[in-house]
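Taking it in order: structure first as structure tokens, then the write-up.
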């Protein structure tokens, strides 16, 4: 059994970790901390967990996390890197669901997160937790940076095209739509029901933190300079993310069988599902599950040179907590799918 | 392993049976039939089931259901009773998610469903599939009538009060609110998104089929004549049911500790959760799970004689398919909770 | 032209006042104040008002509201009563959309709002702003207490029954469902989209501020002691309120033609629409309009003694800002429907 | 007064025409037809119109539409062109909200709508009803083709760029998101609440009827061959459309002040609102109004050569019925904004 700690268990990624780990055959939930809710029973805050989790929240400051084998940080940015040196020294492995270890370039990190990185050595050794693109490094990592939700869809979508040099890497477009749980469990006016329901808007067109993270990773897959236009939108649904990706094939690649390319790329991946040609995936076909689905389109047109990818996932599972548990499985030599075979909830 | 057949697997209760049974440790999905979709892969109709169910739909007319140990009928009213004699003769047990075996009085059944009952003998022996009130009969039944969604909440709510003769049985009020999946998977104008979203309405105030079903069952619990006013409402949510129940305590019962009464009544029930005093349960605290939760209130007032119960469930799980699997577990001597321990999906 | 001021124009009742008053033929929007947004253009905060309102928010402290003919208080409880004496002395009439002048008994007010009433004289003379029940008093009032949203539905529903002594006044039940805009424009966790969407819950079963307000007013209509059970619920819709009301006819009243009673009671009311028998009104049939609709039901049953009323309105219009403008029209001798003839927005 | 007829008044564009025209100062609603609902009172079908419209639906076959000055066709494709010759001969002007007169090339029309055009002469003379781009022609037209909802946003977005030859016309991208009312008032499974709520999907990536319509019109604005990639998505909201448009500036145009270009282009347009730099418009800022709002962005990046436009409208108003009334105003010499100055409904 893997002894698991969760720091910051009150947000949506925290409660989703609890939903998954409470029934993971090899995970033992040892400790859940919260600054605000210390002493409260987890099941009192989340009645959905009555009968499944009977721990109280521990105080973050005093909790003895060093007894755990792995600690998930479902915290605001900056918390994990403050703890990391001590935890790693104690032999505890870390999976950070925030951004502290996602961007390898500390200058870029500081520009976007307004925080100086406090442990650049651990940053340098940290593995980026996208198993489909980085499995080996995750398995042996002491620190794993769980990817952002949007970046997961953009990378798994563009990767087969970029790795093979098939598209103009300098003008990628990602038009992404996210359910509101991606904004976290917060008292904010912008995500209030009466503001966000029956409404849709773009945001962050001038710049979003998931942009530099994605560009850095896509760049590692491409021989050419990557240019990415990323437009996120808020959609009135709780869970679900739909990224519509556009990339122009290079002249030499016009005859590529793109469908086959994707099927080959992900044939053995348990959590990436390449749909049959012509499909238009619903986000709900992944609801509450760790599946990410991709449909490949190549519309007719004057040139017919553009590939359109439709990528869907549950932003809280494959886009966050499910992916983190997938990493944990790899880190502890467990079957990668263990505890993650939830059938999507539909309708 | 229990060999399971599903007749009419394309509706919401059908796909919910599939979600549950695909991961039930002792169920083997042998056959799923559909008149319209024969030959289609189940996973093509429901991409959420890709990788979990690889059966095609069989033709309802020609499927050899007699090879199954149990057949679930997730069909329109009338289908199960047409098949039942043949199936029972073949030694197959039946769980009907429609209404064919819910109402013991055939005259009442005919008035509300506009169908003559074609197998009154089987109706007479059928067990009403509400385990918390009828466990022993279900375990040995050949035919089980899975209760309606509203009736489940009304019976589990009123039962402790009626069985003990504590309230005026002649003037019960049930003001019930249901998510739209309760209306089934149909092309109907009234349940279209643009009609039903951002809207709420009552329906069936003049009469609803779940009324006679509930009254018949409540009457069996009460020495006095039961009178029930039942007002269902359609609420813009997919899953979820909230029944707000009102009953007036008799003078002799005014000092009853109603909270304790409910806690005692359901202490050992794995799927009925009596919440602490003062709770206001969210429907979502049961989403995609087989839990039903009850909060007991007794508001102050000039008389203070009225008990208000707040009862929530997922209408497709405890209100339909989960309850049916709970019955199956009882019928085949399996642990009652087997395959039904899903953590509610929140948010 | 009536010179109009609005204090606290940033909340939902404030923006709804702006939507209505911006096109009212006899209203001149002179001043809109806000503590937080002083100096901001109204249209910057609410782009929906670009081209319709070109005022900035004035500072609440320094605004010269005494130049107005009438001031609407769309503020937290307590603000209007602090201002009222000064304003009334200056000859300005006041319409308070908060609760300061709703409850005539100051003791009850203090118990529920945790505020001592600072101008009991003005409270005593204030008119309760429900035109259908109190038209004459409103017309000449210096201070009008705009009713709460729930109380409007409960009073217009129960009034014809109570005034005629037809029902048991001691056991009225109001099971009410409200859209989330009723909770106001606030950063709160409970009304966040991801918390409140696809969900329904009751709240305040143990006590809600609209209960004493309603009871006080209903009592004025009834010779008998009024007992009211009031259960509010939060429904995932922006606007809309549906109150399902239950009252038991007295033996002598069993033959009353209740439908005719309601049609007679509201025949000349421009904003109360009694629907044909058997109707189940959608809340959306009143969306963005000042209409309130009532359907009268009397279900069969063992006794058939219970009247069920279905009352719908837009909680922000007839339940708040539209009603306030209706009062303003009366106070200034304008046609009661002036500026309030919006066709409901459907779908 | 303009005598107005509506053919096919039961769908969403029909009821929206009724909402607008019922309060239009110069329109007299003379006749509303429906095949299915002949004889039914309009207000019985749409209780929101009680007190505003007291006409019954006339039978489409026998209605004497020739007495009208103008007839709106809110019908399936094909109906208007069947009637048009007769109506035009009778001196009645026509505004078709369906597609019969939208596409000038009959071959293209037939390919996409599977209908032979039955009055190519009238097609040739028909004016495309987008006032901002075609005002003069509309004013004198006998037949007006009201644009599709998506095409309105795409044309008003791309027009200033294309007319000035600033962008690569061959690789335009329109990633569009529509509320579900755009699918019409129909009993369809795909738009059922339980299917479409809490979900998002793309559709028609391989081809959509609004694509050829848009390309034909954009081509008329551009000296170069237009190539457009159009990806529509269904979003769980009733009303609202958000088109996110991407176009690459040509090298010579890199220094263009695009914001100023748009402000100049639409300075005098009453229904096109160019937002301040940096804005992210909500679809709801146009809800139930005839406004279309545009925000202009030019994100940084390796090249910084791409303009991103965020265009929002209410698909049923500026995207359909409001635009049709705007055309009517032009055709009859009325002020263009008459009857169309609704304040958007927010929240």
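Order of writing sets the labels: A, B, C and D. Residues in every chain begin at 1.
Here, contacts are C-beta pairs under 8 Å (C-beta built on N, C-alpha and C of every residue); 3 or more make two chains touch, one makes a residue touch a chain.
Just so it is clear, the model here is predicted, and its values are computed rather than measured.
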Per Cα centroids, the chain farthest from subunit A: C
Proportion of interface numbers common to subunit A and subunit D (over half same, under half different): same
Distance from the mean Cα position of subunit D to that of subunit A, given in whole angstrom: 39
Computed distance of Cα centres, subunit D from subunit B, in Å: 46
Between subunit B and subunit A, distance of the C-alpha-averaged centres to the nearest whole Å: 37
Per-residue overlap in subunit C, given as positions that touch at least 2 other chains: 12, 179, 181, 185, 194-195, 197-198, 236-239, 281-282, 284, 287, 347
Complex interface listing, subunit D residues touching subunit C: 12, 15, 19, 22-23, 46-52, 181, 185, 197-198, 238-239, 273, 275, 279, 281-282, 284-289, 291, 293, 316, 341, 343-347
Touching residues (chain side subunit C, partner subunit B) in the complex: 170-171, 173, 175, 177, 179, 194-195, 197-203, 205-207, 225-229, 231, 233, 235-240, 242, 244, 246, 248, 278, 280-284, 287, 297, 299-303, 306, 308, 310, 347
Subunit D to subunit B touching residues, read off their complex: 12, 179-181, 183, 185-189, 191-198, 236-238
